[in-house]
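Both complexes shown next keep subunit A, but they swap its partner, so subunit B is in the first and subunit C is in the second.
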Partner chain A sequence: MRVTPRIRSWTGLAAVAGLVVSVAACSSETASEDTDATAGGDSSAAASEISGTISLLTPIFEGTPGQELLEDELLPQFYEMYPDVTVEVDYTTYGNLNEKLTTAVASGLVPDVMMMGVGWIEGFADKGVLADLAPLGLTEDGLKEVYTDSIVEAGMWDGDVYAVPIMLDTRFGVARMDILEEAGYTEPPSSWDELVEIAEATTVRADNGSLDRAGFDMMSLDPRQAFEVMLFSAGGGLFNEDVTEPVFNNEQGVAALELMTDMVNTYEVEDIGFASPDDIVNPLINGRAAMGIAHNNLWTQALEADESALEHMEPFLIEGEVPGMFFGGTLATVSSNSSSPEAATALLEFLSSPDVALAANEQRGNVPALTELLESEYVQSNRFVQFALENLEYAQREGGPSTWLEVRGDFAPAVEAALLEQKTPQESLDDLAALVQDAINR
Partner chain B sequence: MSIFERTESPPAPPEKPPTVVTTTRKTRGLSPAERSKRRAGWLMVAPAALHIGIWTLIPVIATFYLSFTDYDVFSSPNWIWFDNYVETFQDPVFVKSIWNTIWYTFWTVPVSMAVAVVVAVALNQGLRLQRFYRTAFFLPQVTATVAIAMVWLWIFNPQYGLLNGILEFFGLPGKAWLVDPDTAMWSVIIVGAWQGIGIKMLIYIAALQNIDNSLYEAASLDGASAVRKFFSITLPMLKPATFFVFIISIIGAFQVFDQIYVLTDGGPANATTMMTYEVYRSAFQEFRMGMAAAQSVVLFAFLLVMTLISRRATREED
Partner chain C sequence: MTIPTARAIVIGGPAREGKPGAWYRRRSTHNSIILNAFLMLGAITMLTPFVWMVLTSLKSPAELAQFPPTFLPEEWVWSNYTEALNAAPFGLYFRNSLIIAVSHTIITILMGAMAGYALARIYFRGREFVFLAFVAMLMIPTYTKIVPQFLMVKFMPLFGGNDIMGQGGTGWLDTWWALIIPGGLSAASIFLFRQFYLSLPKELEEAARVDGLNEFRIFAQIYTPLIKPAIATVGLLTFQESWNNFLWPLLVTRSEDLRVIQVGLAVFQQLDNTQWQYLMAGTTLATVPMVLLFIFAQKYFIQGFTHAGIK
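Take a look at the complex of A and B:
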């Protein structure tokens, strides 16, 4: 049975729509202040009329600190605004979000509010699982006034807005300047050639050939995301403009994967298995890597693991043909099948409000999606987040076609096959492109 | 009175298997008490039958049906005949997963059975702390595979893992066990074999305790060595248990999933992906429930063939 967006009256949403836009435009007031400031007259009346029990599926706020933040600090603020609404939270991780959503859709119990990643919206919006947020007054132009264009586009499908950004995860280069300086370099690399040169100069191997320090670490990242950073840096992209064809197997894509392959097999600046995304301590923190591609939350990780490492870590854009940076993120959506759409929308509005989004970002060490938060104390105190926000214009995202979720899992084996020299980069990417094209054509 | 004498004569075996027609006739001729007894029997069987019907039969039928459709959770299924099966066997990753599963089964089943029988025999000798050792060997069986896999993740970790630590102690270079395609599958096989020892050992111990001790006594009088007794008495007497263990081990090995999910995610470059893992990927990563159903049917067919072969072998032995 095809799940089509239910045509419903959306009674009372007009008042909330005004609230959404005004909240999104608000700056650094607290969430409760937002309510006070915006919920006058009709809005407060609308808020008091909203009631119901709604479910929230979230891959952020997981773990004890996240749960405490949401349940002890944030939701009580929401309940003050909407005393007749109850929120049942279903915590998950991004790793398990697919299963949760699939079983939810199959069983007809789709959560009222869902947080999803960049690249996820297209598929679920296309299948009619998500509510079009246009009736709430959320327009592309309106959102682009407060968010960076590409982030707004990550929440859109077929010209309509289906999601509101909350946080961004970025990937960029990070250099351990103390190690680089030891090797005679005073600046992070500004080209691929320099990247290779510095990586080779800073790689350290033991007498038996085992790697003690990687010159350039790519293994701490999901292979797909590492490849995407290099691809964007090569000036390439994943799909053509109308997302009907993959283009990552073109000259730029092959050059990016060749560089990664050469880093491992020719320049030997990192060994396969030297690091992994599951490692407790990132090799850049403990000095086991001189440079690497890293997530912006490396700053928060270093704060917890070894604060002294922070002074040595310098973020940089990986410069190939263009400066390369990747961004993913978390967006809030409403189910098209919600039995309490007003309450769900109220929660979406609350979660995307500046102070709530800021708190969620701070807890995860992520980049707030709202441009205005660049001036916040959190952003100013976190050099990586600040760097990411200042360079968002260079950041590119993954996703595009509605079948992205179906194919993204095929990227890692393809990249690994090239790194292991089981296939050439061209063969690897061609095979992957054929798979992706099949999925798009289905 | 002979111990074979009974107060009542045993019921005579039926001359031929009852058919539906004769059963109906028989029901008609039953006394009210017998009918009531029969109804009670059906009532007692009903919960189990309902359980099997709802949780096994219907899903199995649904799986077969969905395997011929393009069901994707979001939209209604369309009948596409054998397209999923054709695509399944044309998909190099799924074909690789079949070979990986066979390879994994080929090694984990005999290795874990061999170790289990040796351990069972050793723990059946009345050793000190025998109960402790039995519990220790059985512990992996009752521990969540995810927890076990986490421990093995640490053992195989290239930087601070136990295995590389031992190698380093002897001056040997370490390896990235789970990300090197040459060692990843062997690492998974080791974990699978190790985890399977407990239940097999338990079954073997139960079987060993049923072997008549007089056989060993007679062999001892004939001057048979311990090794000779093991090969000439223990192993032959364990044959029924061995076949049972063999069947459940094959089924278990073909259904391996959680340790792959935690240890390798099917990598590197699909080197350790298994049939069950591909079913999971099709269903929950690609939302292709029809395809996942077809892959499940293929897995089912493999298991059915293996079980039939094993059953036939068992029957011949019997």
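Take a look at the complex of A and C:
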């Protein structure tokens, strides 16, 4: 039987609803009433009892194509299930989501359902803005049955679940195999040593010393995220287990930043300023870089700019002590003071259901958080998304303390100070760690 | 009596043979060439980003990916404009931006001129203190005002379901009030108007009073017609600031019907992916009103800037 999107959508919803029911049985009586309303045999009758007008704040689904997808295709499906619920959508951008949320919290007008990024949950959950989803039927154990552990943990704070993932943004290595093959390499690097060797072999400089082709591009990415990829591949992490102190300035962190610094200053495989995150085109697309750390949407960028480049691009995990991959993403949350928590939870479940999440990911070229979507047509058609989904077990996220949004901006200057040799990697990370520790202690 | 020539004064030596007029003309031409060369260089420096924006808006994604980049498009992709316009309801956004910018400009010119006149020409106790307070307001960064301003808008009494204490509703949020009133008047415009009114002679006011004009008529009929450059300057600056405003409209509105053009342009800048050809096409269209406004008001605008000493 051919599984149509509609059937998959309802199947997915039923799966989530089933999960809700099973977990709700262990929850409080009130919670049980809430969750029963979204699941089980009486689901249609119970769903009709859920009513209210709820607001949704979203940094995704923007622009006419996104709005058409949400309002013309997805929400009508939600209204079929919950005819007495009305959703008022507030579109914003990631660039201004923090201001939007901050003013909403300050004024007490917090949207019922909010989408936010990985690393954002901790701060807003700590302030009491977000609802604990366990009483509403979404628990850690239940979610870990359908999502990778680290992705579920991105939506948790202090042991409680506050968010459900919808889409992931991943960063991993990408190699231009045509350039590598010219230099005599048939496989992407499988260790840091090989990474350096191949990067040196594929770097091209003009007679006057100016860089024509970078062997390994790290500048097209936010310096924080580039460092995090290298840090994770070094086997390091950002914080200790109970998130009380930073550990990125330990041996692994220093080794990661030293490698980045050496790439620029010793091996000279890329120059400062050769590329930037604001560049019109990623240097991997037009062959100005042989390898680099890239976002999974490089695939869709290349599809638009130069489809022929895609056949030469090979994703790989940057392997130091362990394979390193970074993930961010978008998660759905419910306000702790929502006037219609049942309706808000129903919308959250709907938005995170397989078919809806798949459509949202396809619109933005991102990675679905649900492992079961690996076989979907979209994932199979996008090699980078497929690669990310296949390797999610290696993916690590940023964030941790509730002050993450305050301190994350301090990472880029620290990384840049080391790359510019204004400080040693150790000094740079120690100074950064002191700043972060101060923020945690406040 | 011998009148020393400018040449003798400048050079400090004996006058040269030949016609002094020809020497002046030569020197004047020489200076003019240097001056024009500098001005041309400045103009090219200012124009290049604009021209680059327009040319980028007409290139295909494949051409944008080329390195080194092409200057002129190999293929002129005019469809970027139609596709950009289809990416968001830009007609609606354009209308909203125009309403807000025109409203801000009118309010600023009317109220700012009155406030500037009062601070410049009417003596009252505490006038200097009030003026200093306005100057102090110029130093407050916009970002620090956003949350307090947002709260004032949200707790506006008797609006949006709020009671007399400003509780229970949404106040001015998601209404035209929130878009127009808070940005309607700025301390900078009052400061500029004050400086212009201060520069006008007191004799005009005295003559007007002798002729029996009251304060408002002196303001409206005697002084204000003399500060057209100030009105053009403040008007253009206000319009530009309002037209380019992005964050405030985004924060206080939720309805699509109230969103502005800068919010529309943001749809092309997704996280980790910018659609440059559409962003540049949209931005080119968004600059048209400002360019037209400047072309029509540039005479007064330049006078205003030189008069106010703003460079």
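Assorted remarks:
Keep in mind that, in the parts below, the second predicted complex is superposed on the first by the 401 of 442 C-alpha atoms of A that agree within 3 Å, B and C clash if a C-alpha of one lies under 4 Å from a C-alpha of the other, contacts with A are read in each partner's own complex, and residues count from 1 in each chain.
Please note the rule applied: contacts are C-beta pairs under 8 Å (C-beta built on N, C-alpha and C of every residue); 3 or more make two chains touch, one makes a residue touch a chain.
Here the structure is a predicted model, which is why all the values come from computation and not from measurement.
Of the two partner chains, both subunit B and subunit C are touched by A:102.
Touch counts on subunit A: comparing subunit C and subunit B, the chain ahead is C. Legend: residue contacts after superposition of the two complexes on their common chain; A:184 is shown touching neither subunit B nor subunit C. In the superposition on chain A, A:300 contacts subunit C only, with no contact to subunit B.
Using the contact criterion defined above for the overlaid structures, shared-chain residue A:90 touches subunit C, although it does not reach subunit B. Legend: residue contacts after superposition of the two complexes on their common chain; A:209 is shown touching subunit B, with no touch to subunit C.
By the document's definition of touching, neither partner reaches A:159: not subunit B, not subunit C.
When the shared chain is aligned, subunit C comes close enough to touch A:64, but subunit B does not.
Residues 99, 102, 106, 278, 288 of subunit A touch subunit B in one complex and subunit C in the other. Remark: subunit A residues 1-3, 98-99, 102, 105-106, 123, 127-129, 208-210, 271-274, 276, 278-279, 288, 405-407, 409, 412-413, 416-417, 420, 422, 439 touch subunit B in the complex.
By the touch rule above, subunit C contacts subunit A in their complex via residues 56, 61-62, 64-67, 69, 86-89, 146-147, 150-151, 154-155, 170, 173, 246-247, 250-251, 254, 256, 266-274, 276. Of all the residues in subunit B, the ones that touch subunit A in their complex are 72-76, 93, 153, 158-159, 171, 173-181, 265-270, 281, 283-289. Subunit A contributes residues 55, 59, 62-67, 88, 90-96, 99-100, 102-103, 106-109, 169, 277-278, 280-281, 283, 285-288, 295, 297, 300-301, 304-306, 364-365 to its touches with subunit C in the complex.
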